[in-house]
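Order of writing sets the labels: A, B, C and D. Residues in every chain begin at 1.
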Amino acid sequence: MRVLELQSVSVTRGSFSLKEINFFVNKGEILTVLGENGSGKTTLLNTIAGFIKPDSGSILINGRDIVHLPPSERGVGYVFQTLALFPHMNVAANILYGTRFHKISNVKDRLGKISSLLRISHIMDRYINTLSGGEKQKVALARTLILQPEVLLMDEPTAALSPREKSRIIDELKTVFKRLSQTVVFVTHNVSEAYRIGGRIGVMENGRILQIGNSDEIVYHPVSHSVASIFGEVNKFKVRVESCNSGMCSAELGNGMVFFLGDFKVCEKILLFIRPEDILLKTVSTKTSARNNFSGIVKDISFAGPLVRVVVESGQTFIVLISKQSFEELAIKKRKPVFLSFKLTAVHAVKLTE
Amino acid sequence: MRVLELQSVSVTRGSFSLKEINFFVNKGEILTVLGENGSGKTTLLNTIAGFIKPDSGSILINGRDIVHLPPSERGVGYVFQTLALFPHMNVAANILYGTRFHKISNVKDRLGKISSLLRISHIMDRYINTLSGGEKQKVALARTLILQPEVLLMDEPTAALSPREKSRIIDELKTVFKRLSQTVVFVTHNVSEAYRIGGRIGVMENGRILQIGNSDEIVYHPVSHSVASIFGEVNKFKVRVESCNSGMCSAELGNGMVFFLGDFKVCEKILLFIRPEDILLKTVSTKTSARNNFSGIVKDISFAGPLVRVVVESGQTFIVLISKQSFEELAIKKRKPVFLSFKLTAVHAVKLTE
Amino acid sequence: MHFKTSKFTFYTALFTAAALVVLFILLPLLRLITLPSWALLLKALSDKNTIVSIANSLIYSFLTAIIALFLGVPLAFLMAKGLFGRFEKLIETVIDLPLAVPHTVAGIALLFVIGRRGVIGAFFYNHFGIKFTGTGAAIITAMLFVSMPYLVDSARDGFKDVSAEFEKASFILGASEFATFWNIFIPLSKKHIESGFLLTWARAISEFGAVVILAYYPITAPVEIYDAFTQYNLSVSISVAAVLLLICLTIFLLLRMVINRDARP
Amino acid sequence: MHFKTSKFTFYTALFTAAALVVLFILLPLLRLITLPSWALLLKALSDKNTIVSIANSLIYSFLTAIIALFLGVPLAFLMAKGLFGRFEKLIETVIDLPLAVPHTVAGIALLFVIGRRGVIGAFFYNHFGIKFTGTGAAIITAMLFVSMPYLVDSARDGFKDVSAEFEKASFILGASEFATFWNIFIPLSKKHIESGFLLTWARAISEFGAVVILAYYPITAPVEIYDAFTQYNLSVSISVAAVLLLICLTIFLLLRMVINRDARP
């Protein structure tokens, strides 16, 4: 059942705009919206919450268009990036704030349940500035969940946490949301966080949702270069299809032929993406099961944490990421010849839209 | 020839202190000081520059103790993290500012030379707020270099640059310093930046310089857990030496024996470090050239950018980083048995200092 | 420019100038407080006129601050929320105008509004026989005109400091505009509103120029000081001045305490 | 607390209060500017007394602002650099004291310092026969006392805004303390010093309470307004008031321009 649905929602904010946003979230589902800062994630949440009026389109909650309702009547919860806990109230007063404006008969029951679920019953009398990052996070959540919102919006809620708290809190959030069958739209710019939350991911860039799907779909079937490069640097080649037979295609690339899966017309111009970590690098040309094999010369070597980034010139420039161990074992040096190989499925082909 | 030398310099700043700093920098050498924010890097530079008086110790420039000289008379140049270019002066006035306070006969010559070396001759009339990040960087450098300082101190000077400008500027800096045989102390918290600059690296933590050496020494022979973990998460095991014969040692570790190089007494307690990316992970127990082999059970899997972090329980908990490609090929799943192997030289043994 | 001035000369010059200023301010005030003997002070304070003038000053200025509070806080809120749109800069300028107007000018200007021949004063005088000048109402009008900007400016700064996310959080939790104003904006701006109130009160107590034109009587302390001075009754002048100074310093210290106090209630 | 007030009612109440305040401030000032006819204004301004009073106000207040500049900027710099150590809070309080002192009180306090029977005044009177009261020196003293804090506070804020790294950069490039003060601190605080100067000047022009006690003559504009008013010569009062108002508004607008101007020279 679709709890939240956006239909062709467009928004203009000065020079920035959201363009034709369409998506839905099912009951109890967590949809993660992944995008860089400035991609429009917060504008999207503010539009759903009612702080920004869309130029056009509908926002449905349980099938009812709420575009003309004020924020207070939308049945939407919002956990802000700053959490926005009221510093002049203690934890209990913060959590109970919203209940004053709603007809709720069993306020005390709800407070008890939500605070024991989130394990914050012992800090009810504390003031906000005495809490740890994780505690604040939970209080902000309790304040919203006590009103039992149809949809919960979360705007980078782990931004202020330490790395250690971050991953712990994400796991706790998942448990709580499952328990309550809470429908959630979760916004983040952090790829690993998006992975960790699981569920569907919507990739956002420049005011558009480029692709929605589970993490595998997005990593292995990106619809565009933008989506592909969200997960780090990526090799991108513009090629012309040479042949295509029952889903297996080929094209000329650099000093060789590249093979990949797809269904394209011969001579069509397409884009190919290959992740640098999907390319195997060797110093001798042994036979491998990989369908694609290229030879080239090492142009540049640089260190990127535990990985080594090797730039190989092979008619086209390939970027390859290998482990430091492989780097040493292979004794790779600048100007040395090397061999590259990668699987059919490592090549992601996308129609060129101009 | 030692241009700069610190001898047992100690500094107290409130609750923070620099403890017994000893190092030297040779003529024309670049020493990179690598450390987290708050490790004392900026305090160190401020002490060398004369903005902070040390409690004890000597600071020698060309053999002369300068501890009692004011900053203006130390012959030290300083490029600040914020660059500190004067916004009310144009580029030329900024660069010439210091020459007003020194007896320099050929000011115009020097200005021409330094600005053509740094390729900023065309922006002499511009005001600071009209410059790009890279241009500002060069103006700050020119302003300092025109006074021909014995030692140049640079405090995270690329902090304000975009990632693309960063690596370009680092390469340019290296070229300029080489050309001028400039002696430099370069401070950064960025490991790859430290790598890229080359030369010796001093690792700083909590007000101490833990180790000084070239990057290989620091990566492969860290003197402590702190140094080892600068380059990312690291496996750390406290073990008791079982045997040591002509440099080859062994100790009990988890459900097996670990072999490593070193010269320890039997029964001595030592620390072993193994980088997660130095451990090979397999699903079948094939013979390898690696001397160390362990078997275990996968406890946890998480994604870290292009890498997968696998936690393996093997009596001891091992953290292993593998590429996403290997992860898929091996079809690693939670609770599956796996085999770990790593080379003798992947184990770094350090005496336990308590 | 480039001078070779030694550090010592430079700082000696600076500290000399600083010492002159501090002395210039402290000397007269210390002299005033130490000048009247206790006997003189008691004698002056047993005088009915003196007591009445100080009481008048305290009462009228306090009423002024209360009125400023009720009129100024709503205005400050609208300004902070940018609800005047393109008139914002204009309104801001208007609110601060009284700070730029000399007090005798303000007095004359107000006279032609509430005086017997003023626009509003004439109406009341001709229809109801009510005269404003020379009454408490005139004193409050004068005080309000010159002191109101302090409250508005301070409250506005307070409201502006309240993060927009607090307001959004309140709305999405179901609160109305008024409930948000009352439960979120007012408590979070408490410090600023309190210091605005104290500034306005202190300014109102001090007012002389505008008050002396609109209402010489009922006599207030600053007018009494001047009145006694013109009658060569310096001992009364000094006594009232010393008492008024102590009152103002108390409010001033109170203000400093509010400003330096931790923000949390 | 929790009220169910509709958005409309809430904002109507707020805008009503705001409109009252704006009217209350604008009405008297507009009335004053439109009141005197050109004929009346010209007649009043052809009066020698009137012209002298306005000229006196302009000259003495400008001199006051200049003196405040030379004494106040060094003090402000020392305060901004925290060079008073543990006396910092105390010095800050002392500097702001004149803002809290009623002007007639300031007048009386200064009288007992520079008056014929004051500590300093007596010395000059007895040894050199010099009397301060009733001279331009007394007017400047009164103006300086009440207006100095504006310059010090503004300049101090300006100096505080100058990043410590600019100072360090100047030192390491070889500049002395004075060269750094002159080449870095002064130009980078220009805006603050200028607005402090204008504030001090405007405040000095307006001063009435302290001036009227120390020097009724040489007559200044605010005193002339009051003097004419007490002699029922309202047309002179209005004319001088209108002219003084225009002068003050000009300075006020100048100040706004300085504040809103881009920081770069």
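In this section, a residue touches a chain if its C-beta (ideal position, glycine included) is under 8 Å from a C-beta of that chain, and two chains touch if they have at least 3 such contacts.
Just so you know, these numbers come straight off a predicted model, no measurement behind them.
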- Item | Top-ranked pair of chains - ranking by C-beta pairs in contact | C-D
- Note on the structure: Taking each chain's mean CA coordinate, chain A and chain C are separated, in whole Å, by 56
- Note on the structure: In whole angstrom, the CA-centroid distance of chain A from chain B equals 32
- Separation of mean Cα positions, chain C and chain B [Å, integer]: 58
- Query: Do you know which chain A residues sit against two or more other chains?
  - Reply: 100-101
- Going through chain D residue by residue, note those that touch at least 2 other chains and give them in order. 2, 176, 179, 183
- Task: Draw the chains as points, connect those that touch, then say whether the picture is a line, ring, star, complete or other.
- Result: ring
- Message: If we use the touch criterion from the header, which chain pairs count as touching?
- Response: A-B, A-C, B-D, C-D
- Message: Quick check on the complex: what are the chain B residues that touch chain D?
- Response: 49-51, 70-74, 76-78, 80-82, 84, 86-88, 97-98, 100-102, 127, 129, 143-144, 147
- Item | chain B partner contacts - residues on chain A that touch it in the complex | 167, 191-192, 195-196, 231-232, 275-278, 280, 302-307, 321-325, 346
- Message: Quick check on the complex: what are the chain C residues that touch chain D?
- Response: 1-7, 9-11, 13-15, 17-18, 20-22, 24-29, 31-32, 35, 70-72, 74-75, 77-78, 83, 91, 93-110, 112-113, 118-119, 144-145, 148, 152, 176-179, 181-183, 202, 205-209, 212-213, 221-223, 225-226, 229, 237-238, 241, 244-245, 248-249, 251-252, 256
- Message: Which stretch or stretches of chain D touch chain B in the complex?
- Response: 163, 165-166, 168-176, 179, 183-184, 187-188, 263-265
